[in-house]
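Right, I'll just put the structure down here and ask away after.
Think of it as A, B, C and D in the order they're written, each chain with its own count starting at 1.
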Amino acid sequence: MDYKPVRTFNELAVKSLDEFVYGVAPNPVKTKNGMVIGGGTVYPEVNMTLPPMKIDESTISEVYKQYAEMIEGIVKRAKELYAPGLVVEVELLPETTMKPEWGFEIIKIMLDKMREYEEKYGLKSVLRCTPNDVREMIRPPYMRSGEMLESTLETFEKCAEYGADILSIESTGGKELHDEALINCDIKKVIFALGVLAVRDMRFLWSKIVDIAKRTGAIAGGDTACGLANTAFALAEQGMIPKVFAAVDRVAVVPRSLAAFEMGAIGPDKDCAYEGPYMKAIAGVPIAMEGKSAACAHLSSMGNIAACVCDTWSNESVQNVRLLSAPAPVVSTEQLIYDVRLLNEAAADGREYALKMRDWLARSDAKYDPQAYVLRPDIVLEISKELVKEQDAFLMTKKAASLAIDVIKRGIEKGEVMVNPREKKWLDIMKSQIETIPDDEEKFWYELQKGLDLTKWRPEEYGLTVSK
Amino acid sequence: MATLEELAQAVLDGDETQVVELTKSLMDSGVDPQDIINKGLLAGMDKVGELFKNNEMFVPEVLMSADALKAGMNLVLKDSKQGQVTPKGTVVIGTVEGDLHDIGKNLVGMMLESNGFKVHDLGADVKAEKFIEAVKEYQPDIVGMSALLTTTMVNMKTTIDALAAAGVRDKVKVIIGGAPITQKFADEIGADGYSPDAASAVELCRRLLGK
Amino acid sequence: MDYKPVRTFNELAVKSLDEFVYGVAPNPVKTKNGMVIGGGTVYPEVNMTLPPMKIDESTISEVYKQYAEMIEGIVKRAKELYAPGLVVEVELLPETTMKPEWGFEIIKIMLDKMREYEEKYGLKSVLRCTPNDVREMIRPPYMRSGEMLESTLETFEKCAEYGADILSIESTGGKELHDEALINCDIKKVIFALGVLAVRDMRFLWSKIVDIAKRTGAIAGGDTACGLANTAFALAEQGMIPKVFAAVDRVAVVPRSLAAFEMGAIGPDKDCAYEGPYMKAIAGVPIAMEGKSAACAHLSSMGNIAACVCDTWSNESVQNVRLLSAPAPVVSTEQLIYDVRLLNEAAADGREYALKMRDWLARSDAKYDPQAYVLRPDIVLEISKELVKEQDAFLMTKKAASLAIDVIKRGIEKGEVMVNPREKKWLDIMKSQIETIPDDEEKFWYELQKGLDLTKWRPEEYGLTVSK
Amino acid sequence: MATLEELAQAVLDGDETQVVELTKSLMDSGVDPQDIINKGLLAGMDKVGELFKNNEMFVPEVLMSADALKAGMNLVLKDSKQGQVTPKGTVVIGTVEGDLHDIGKNLVGMMLESNGFKVHDLGADVKAEKFIEAVKEYQPDIVGMSALLTTTMVNMKTTIDALAAAGVRDKVKVIIGGAPITQKFADEIGADGYSPDAASAVELCRRLLGK
């Protein structure tokens, strides 16, 4: 069975650099309670997780209590700071996805409190429900059937029925191979993992999620390549792999993440892997991004530039631990609200000033790291413009990697981006490896097969057959 | 004429072809195989370890050096009276129950192997019983556990308690790591060591085994 | 003995609203290693403290280890993020002030590491040394003599001799009375505590600190009314006292904090009590401020507006606890660096844009809280201009409170600031209380005496004699 | 004619003059002194506690209500056969050794007093021995400790341990509070309760004493 895109993108949704700015998306998304994401206002998106604790039958009531405490703190602070609206994201954990009734109860607790604050104080908020991709729990994973997939979909369905506004996931198709390719800095396997495996899995999975959204009236949000590009980023940040490799990987996930929108998702896209600006440029969807105010979750070299074209501004995820001032989710809520206040104030003075703000955000980071550099709005548009000429996702992935390399090389030459001298050779290594990749997907698969460890993943789960 | 320094450099460069050539040449010149191993091949790999620890080498570069090292070692061992090189120690690793994040754990495994340890990787979502079985089967010096979630890190304690209940806790050193882990947590649950990253994990294992 | 000001301010140092902006102070301060604070660039100022632990002989080596770990993490991240320079503040604790050799050892650990990073990587950094005002340890405190004062001064001296760049303190003169006045919302006692007690103590203490700075080549920084106005702010934030009361208290501390500069301090002023903008306007000194990136230490209603005219940007203080990403001091370092990057990028486009940025920062907060409102740059200048007409510190304090009330009332009328309806009456209560305060300081003291609890503080320590 | 509701409202308004007048008027009308106290004065103060807990009253307003209450009570008690109103409980409070921050602690003391508790405030920088002495002297139901510094909060445990060593730990409930304090920390050091702010502290004391 083939999962055919319902939409394709052969031109950019964002027509010019002057239209590419935070708060405004070509195709804004309107929520049930009337919030418009991408319609001119950047909203804070707060994401929170449990402190160190076990999740099982004996602790589940404590788990509920934790979420109740977190959402109470968050909406209370959002109200006190007059948030213009709020997106609350719950990334369910494996345990609370595998037992959909647990995940449902959590979502219900959150939604009930959010509704209470909307009624009592007029605080508008929407919930992004992000189940865990538990298919990974079984190794090698079954991607298209089985209990794990069913639990994930049931969680979506139950939560959406109760009113979860936005459905998202960080799906892991292709990760089995991508992890290994990353550690070895093997760009060929990266391109296969992303352009073939991940894209195929995205199409499968998002056809299901979009169906659920349609049935329940929820919004099919988007799917960030967290387990893929965000892993690359974390490894680079630790000095394990070159930053240029992570930068190229980040651009190479674009066709994979775009697949959600090809299957009918409409945004807001999810944060984490920082591919959002490309999604906005190509598909015109509003996007969530995370930067300096996600430093509680991870350090990064993209603290400001990540905000250039964001529509919601996220803290990635923060544990419910107590800081000197307040529980950490409350601290995040406050920081995000101040960040978006500033963005929205600048925009209130006119588009011209929003663009100024965007350019300062970009300029402040772009030169220091290739991963930041490939997020520069003009570079996003430049690369995206080439990508939409390519309709085949595999070829688009290959092209994305190749373009990223070229752009970074040019940036180094022009003195626009600093790259550690010992990283530079990796640009050449990647480039020459990419040149050996055939343009035919099947042929590529045939060539690669022998070198792959097929105890780690199941080709048939991606619609691939092993030769001989 | 090839020198031991050149051989060490070739290992550092991860240049397998070069390592093979230099090793052959040194052997042909009658250099003591012990010296080829210790002052050439392993000296190069020690430098690799140091650079990696200081964030001056990338993982793929370390892996290339490890491959080059292996090729050189095989040549010497095949052609001399040297027995197998005994591993620096045996380590069982795994991501704890409920947790699917294994790239950090994989990295630790690879770095340990590159640095001469024997590694048994139990994978992700590893239950306490599986750790116990592995300890009984492989008799490792060290058990390494990884967790990325605040909700699974608590299973490290469960596992340590289970090792104790099975009577094997004192046969091994237990080390832990992962984003939410701290030295304080390690102390609280009675682990023998904590490492914030893959490079330090190698150091930690060395220190725990006094090597 | 009377401690006479060496300088007085009878006109504003900042001549117009267009010169009142972050990064630029009329009288910049140059450090030994060539950093210029207030000379065009905003610097991050990172402040850190110990995690929960006891400080005594048996733990002191662990204390040193903690500081060593913190400074290493901070300068490493600052270097990785190409900080334009860095201010590190150490607020010594009571234990490490009472034993000057402990405080000295901590400062030495910090300075040695900072110098190492300057030599190795060119990261310029300076240390602000802030001993604790341990005079409070004895109740009622001896303000002008005794072991506690000597320890504080010895700590200053020793650390400055080793090279601590900036000397600061959060002195507590007047706090004995101010605490009680705050809880009772008694503006008369507030004015006496600030305008008489605190001012007198500041003059005494800063004559000493300025002497030490002169002898050692250190910079006499400044003294924020943390124990005074920041306490008011914390109480208001918890809903214990009206925000309008805290806002008025904040303005009323201006003459008290100005005393440091009258005695010869030159800045950068310290953060915490948010009176810095008034110091900059009047004395022209560069100032440290804290806002949204201090949310780890306390929530606030001034997250953005606090940055309008800052010269260093601080996190207030963060415990050395581990977050998901990194130890909290490293997280703060990263957040502050991104914040100042943005400010400095905007300014790099020209003064016009720095002013735009300033106005967005101001506008984003000013309307929501009277405490934010009194920090609006135009309002700071408006009030400051009136204050410099008054040379007597007590009368200036009375005037400051009165002007703050008027400005907030006008703001409410004009719809420029939101004040909770049940707070409004407190503006009138304060106003009518102030009207009963005589213009003669001695007379005021005579009137108040009977109503004061003189077991809590010693009038003679403030040069006051009790009648009859 | 004055009503009990009006009296309660006058307490809530913190209007001492009004409270005195209404109390007199009610007494003159022969209303049961018990009712004046419970359904008038204390009913008003209960409302104060509730509003304060919900952040709808400021501390100075609560203090004014408490003063008004006291004036009314004095009138009734002086003029009737009612004995002294027994306090809801006795509480010893103090900021722990090494810590100078006492405004939070003062606030708790004032709020407890306003709500009918007898409070002994030991001040700031209070050593464990001083807490022990106070427990022996005042025989409180509750000991409340406060700390604002991460470096002094550990003295809460020292104090609890010292109370135990002195044999008086089980004679009192121990409650703690202050910026760095959490429920988890309270549990760890064996405190009986934790309160994040002054308003909740009153609630907590009531709950601990079953009142």
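Things worth noting here:
By our rule, contacts are C-beta pairs under 8 Å (C-beta built on N, C-alpha and C of every residue); 3 or more make two chains touch, one makes a residue touch a chain.
In this text the structure is predicted, and so the values were computed from the model without any measurement.
Considering the contact criterion stated above, the chains in touch with subunit B and with subunit D alike are A, C. The interface holding more C-beta pairs in contact, when C-D is weighed against B-C, is C-D.
Between the Cα centres of subunit C and subunit D there is a gap of 33 Å.
Averaged C-alpha coordinates give centres for subunit A and subunit D that are 51 Å from one another.
Spacing of subunit A relative to subunit C, judged by their CA centroids, is 41 angstrom.
The set of subunit D residues that touch two or more partner chains comprises 150, 180.
For subunit A, residues touching at least two other chains, in rising order: 319, 324-325.
If touching chains are joined by edges, the resulting network of the protein chains shown has some other shape, matching none of path, cycle, star or complete graph. Every pair of chains meeting the touch criterion is listed here: A-B, A-C, A-D, B-C, C-D. Interface residues of subunit B facing subunit A in the complex, by the touch rule stated above, are 55-56, 58-60, 63, 98-100, 102-103, 106-107, 110, 123-125, 149-151, 153-155, 158, 180, 185, 197-198.
Of all residues in subunit A, those touching subunit D in their complex are 322, 324-325. Subunit C meets subunit D in the complex at residues 49-55, 93-95, 134, 136-137, 139, 179-180, 182-186, 231, 235, 238-242, 319, 422.
Contacts from subunit C toward subunit A in the complex involve residues 77, 81-82, 291-293, 295-301, 303-304, 317-319, 321, 323-326, 328, 330-331, 334-335, 337-339, 341-342, 344-346, 349, 353, 356-357, 360-361, 363-365, 368. Listed in rising order, the residues of subunit D touching subunit A in the complex are 150, 179-180, 182, 184.
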